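Next come two complexes built around chain A: one with chain B, the other with chain C.
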Partner chain A sequence: MTENTILKIENLNVSFKLNKKIFYILRDININIHKKEKIAIVGESGCGKTTLANTILLLNDEVITDYSGNLEFFSTKGCCKKNKYELIKQHKFLSKDEIKHIRGNHISIIFQDPFNALNPVVAVGKQIDEVILNHHKEYNKKEVYNSTIKLLEMVNLKEPELVYKKYPHQLSGGQIQRICIAIAIANKPEIIIADEPTTALDADLKDSILKMLKDLVDKETSALVLITHDISIIKNYVDYIFILYLGEIIEAGKTIQVFENPLHPYTQFLLSCYVDATKKGKKLPTLPYDPINLYDKNFIFKKCIFLNRCSKKIKKCETLKPEVFKIESQKVKCWLYE
Partner chain B sequence: MMVKIIFKKMLYLIITFIGISFVTFLIISISPGKPQDMLEFSSKISYEAKQKILKLYGLDRPIHIRYIKWFLRFVRLDFGNSLKDEKPVIEKILQRLPATLMLNTLSLSIIFFGGCLLGVLSSIYKNKFLDKFISFIVFLGYSMPKYWLAILCMIFFGIKLKVLPISGLRSVNFDYLTFFEKVLDIAKHLLLPVLISAFGGLAGLTRYVRASMIEQLNSEYVRFALSKGCDTKKIVFYHSFKNVLIAVVTILGLSLPDLIGGGFIFETIFAYPGMGRLGYEAVVSRDYPLIMGISVITAFLTLLGNFLADIIYVYIDPRIKYK
Partner chain C sequence: MIDENILEVKSLSKSYSVYSNLLQLEIDKKIIFKNLSFVLKFNTSLGVLGASGVGKTTLIKIVSRIEEPDSGEIILDGKNIKEYDYKEFATKLQLLFQNSFSMLNPRYKIKFLIKERVKQYFKLNNLEYNKKIINQKIEELLEITKLPKTVLDAYPYQLSGGQKQRVAILLIISLYPKIIILDEPLSALDISLQAQMLNFFLELKEKFKLSYIFITHDRNLAEYFCDNILVLHEGGSYEIK
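And then the complex of A and B:
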């Protein structure tokens, strides 16, 4: 762990208890996020991306969720007395008041579906005001209003005074996502989590939103956690990539390295689907789908999680869970690199 | 724009209203039992006299003619006279209206404030003891017949404990009391009817608010509000309740006729001088003009309630703009 670490996720496990079965959603997650770093967590649907995003802010349903491992946050803002928050320590969490202090202030999040993220009966300006007021009780009405207008300008919304009074249904998806971004950056947080921020948007908007997000993150010197299923869009935006597969990080490394030299069969496969001009007219490869039940303890804790779909499997994969191997600065969870 | 919409809605209202009044008229007229039945079996009244009476009230005419006649008078706000005592129907209704309005306004207020409060509490403590306890209590009220509970309470509080009066709205010596004592006297008389009718009506709204609140609390915007650092109190009472209120207004609009209609049996048990008892008496004696008067006013209020709810929507739900 270096000086600059602001978020440390160590051996994190998250499980949901549903219908008396325990689903092991995330297993043995290790992620370090440094100051101003931009990372991406890439994975297919259902691999636990959103759960991971929610876990960082402890937003999962308290009743069914069980955590273990450590999740620590190191504040670099001068606003609070302490600078180390143990969000999750073994099975315990941070106190409610401290979580409230962190949410929206130190760590903020942008959700996937902008249409449902805002309260339909509250004017959007008021919803930005709220996040400022939650953490700056000392501001008066005028100050809050001015900051909100400034934020609306920062996310490139024209006529901010007019937008302030609008309701979510009067705005387009792109506009609402800009407002969500405004809410996320309002208090200049150290970490911004973007959970598939462009999935619900039109294709032509994706790049402009991501670019704006990146610029704002750079400007506010925040760290960015970009969560996505679309490996093709992140290349230009992040420094580091984590590949998540069914709740496990199977590969991690610098963006360029992972793109140039993918190690894990799954990553190799993902990148072979990367669409570019040379592949015009050719069919993209597909993987057979063979789902694993996330409550099947005998499989997920004893075998390689990618076993059923892997074309390069060896005998060892079926009997032993792969360890993490380090190849230069890349990490991979696969027996092929033993 | 708004004026045009209101005008259009009013037009619908009038058409629906005419339909309702006609169907009501039809049902009363073809249901067994006639106002002249009392005369029929009396040997003291001659056949000619009976025919004279029928003619006097127009009861010998066919239904549609009678309806048109009634309607033409009604548009001049003339509800006719009661068959029973010749008093104008409107006078009889106005005489009973305040008592019913008072009773039902009080009990509806309790239902709405209580229902919202209990529903919100239930949703916050979903599936915990408090939620189950609240559900148990409101369903107890819902499943117990009001008239039966009323009689039990009358026996217990009125006869055993002698702390509350059991019927009517005023004591015999009402006129001799000071102002403060008068208020207290009415309050005492109202206590049982108000509480019992509110107790029975609480379940529906409580469950409704609970379900709608749980739905809101699970929605994405609540999770987003949480991620902004809002506390539970703010999320429940500011963010979610505003959305729940939209549903509550619908029910509030539909409950408006209850303000006047009153419980026929309920008011009769408490010998409460309200519209319900008036309606009961009117039906028993087949007092056509009175029945029509009461049902027309109730129908009018139902429609007015819906109409008002439609208008209120525009103010609480920004998504609704009539075009």
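And then the complex of A and C:
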């Protein structure tokens, strides 16, 4: 850990208890996020990406969720008494006000579906006002209005005064996503979590939204956690990639290195199944079988999690859980690199 | 047979009226297509590319008789689409929507959903059927779509994303159509499932000698999957590659 660390996730385990079964959703997650850093968490649906985002903001249902490990947040804003919040160890003792203070002010999130993220009966400008007012009670009406207009300009919305008065249904998908981004950056948080920010958008909008997000994060000196299932779109926008498979980080490293030299068989597969004209007429690679169940304790704690779908498996994979091996700056959880 | 046109669209035009906010008076006309003509050859795929709002969905609606064009005609398998009765039309052309999961009624088990479709197939083709024949047909379809028999007793919510998509395709295939329109069938799926489904679509194309109209906004995907590409532009212009 260096001085610049703002979020430290150490041996984090998250499990849900549903229908008398325990689902081990996240296991042994280790991520350090530094100031101004942009990271991406990539994985298929159901691998625990959104649970990880929700865990950072303590948004999981407390009745069914069990946590273990460390999740520490280091505040650099100087607006609160404490500099360090142990979110997981203490979360039951943090007051509601403290949690509310962290959410939106220190860590904010852009949700997957922008259409459902906004209140349909309140003008979008008012919804941004509300976020600013929650954390800046000293502002008067005009100051709030001015900051909202400035935010709308920052997210490249034309005629911000007009957009301020519009309702969500009067805006296009791209515009709504920009409003959600404006809400996320309203209080200049130290960390912005973008949970699949482009999934609901058209291909031609994806790049412009990601570019804008990157520029804003650079400008506001926040850190960005980009969560996505589409590894191809993030290449130019993040510094580090974490590949998540069924709740475990199986590979992590600098973006360029992961793209140029993927180590884990799953990462290699992810990068090989993209289509273009050169592959015409050829069969695309696919993974055999379905992923294993997350309540299968004997499998997930004793064997390699990718075992049943791996084409390069060795005998050791069936009997021992792989350790994390470091190859240059990349980390990989696979016995092939022992 | 290969050179035969299964679908011919001849000088199709369509425009929508734009109304004023206050008095609802027609103030403008938005041209979607102007003299759009293209052909879909037997057992080939035609990709339709274009930004959102250029009329990709309008084109599907017109081809599948949900909407009427302003002018132009569409010939499907040698006959104008207006001349088909709806039952016959269903055996020629089927649609797979972006969110194909919505095709599956959440209240019924998969077996019931497939059974209804298979019965429809026998009725449309004036064939006699009984329980045994239906079960045989269901087994045959499951084998084609590589679905395990266990899905029959499951409800839609109990299936994985890939399985749901396969069941949706099974329902479409059960009528043995000649053309399938795929409206962004992969955009809701993970990358590993996308590759699986693309392989599956290509297998079906060979097996049933199908022709596809593949709506997408991904140029790479269209270039991989399709034999010809129709690119729609704003204002009614288009190009064919």
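Structural remarks
The definition used in the following text is that the second predicted complex is superposed on the first by the 321 of 338 C-alpha atoms of A that agree within 3 Å, B and C clash if a C-alpha of one lies under 4 Å from a C-alpha of the other, contacts with A are read in each partner's own complex, and residues count from 1 in each chain.
In the analysis below, a residue touches a chain if its C-beta (ideal position, glycine included) is under 8 Å from a C-beta of that chain, and two chains touch if they have at least 3 such contacts.
Here the structure is a predicted model, which is why all the values come from computation and not from measurement.
Touch counts on chain A: comparing chain C and chain B, the chain ahead is B. Contacts of A:E220 after superposition on the shared chain: neither chain B nor chain C is touched.
When the two structures are aligned on the shared chain, A:H101 is found in touch with chain B, with no touch to chain C. Interface of chain B with chain A (complex): residues 219-221, 223-231, 239, 242-243, 246, 316-319. Chain A meets chain C in the complex at residues 44-45, 202-204, 229-232, 269-270, 273-277, 279-280, 283-287, 290. Those residues of chain A that touch chain B in the shared complex are 54, 57, 59, 100-105, 108-109, 111, 113, 116-123, 130-131, 134-135, 167, 169-170, 180, 183. Put simply, chain C touches chain A in their complex at residues 51-52, 160-161, 190-196, 198-199, 202, 217-218, 220-221, 223-225.
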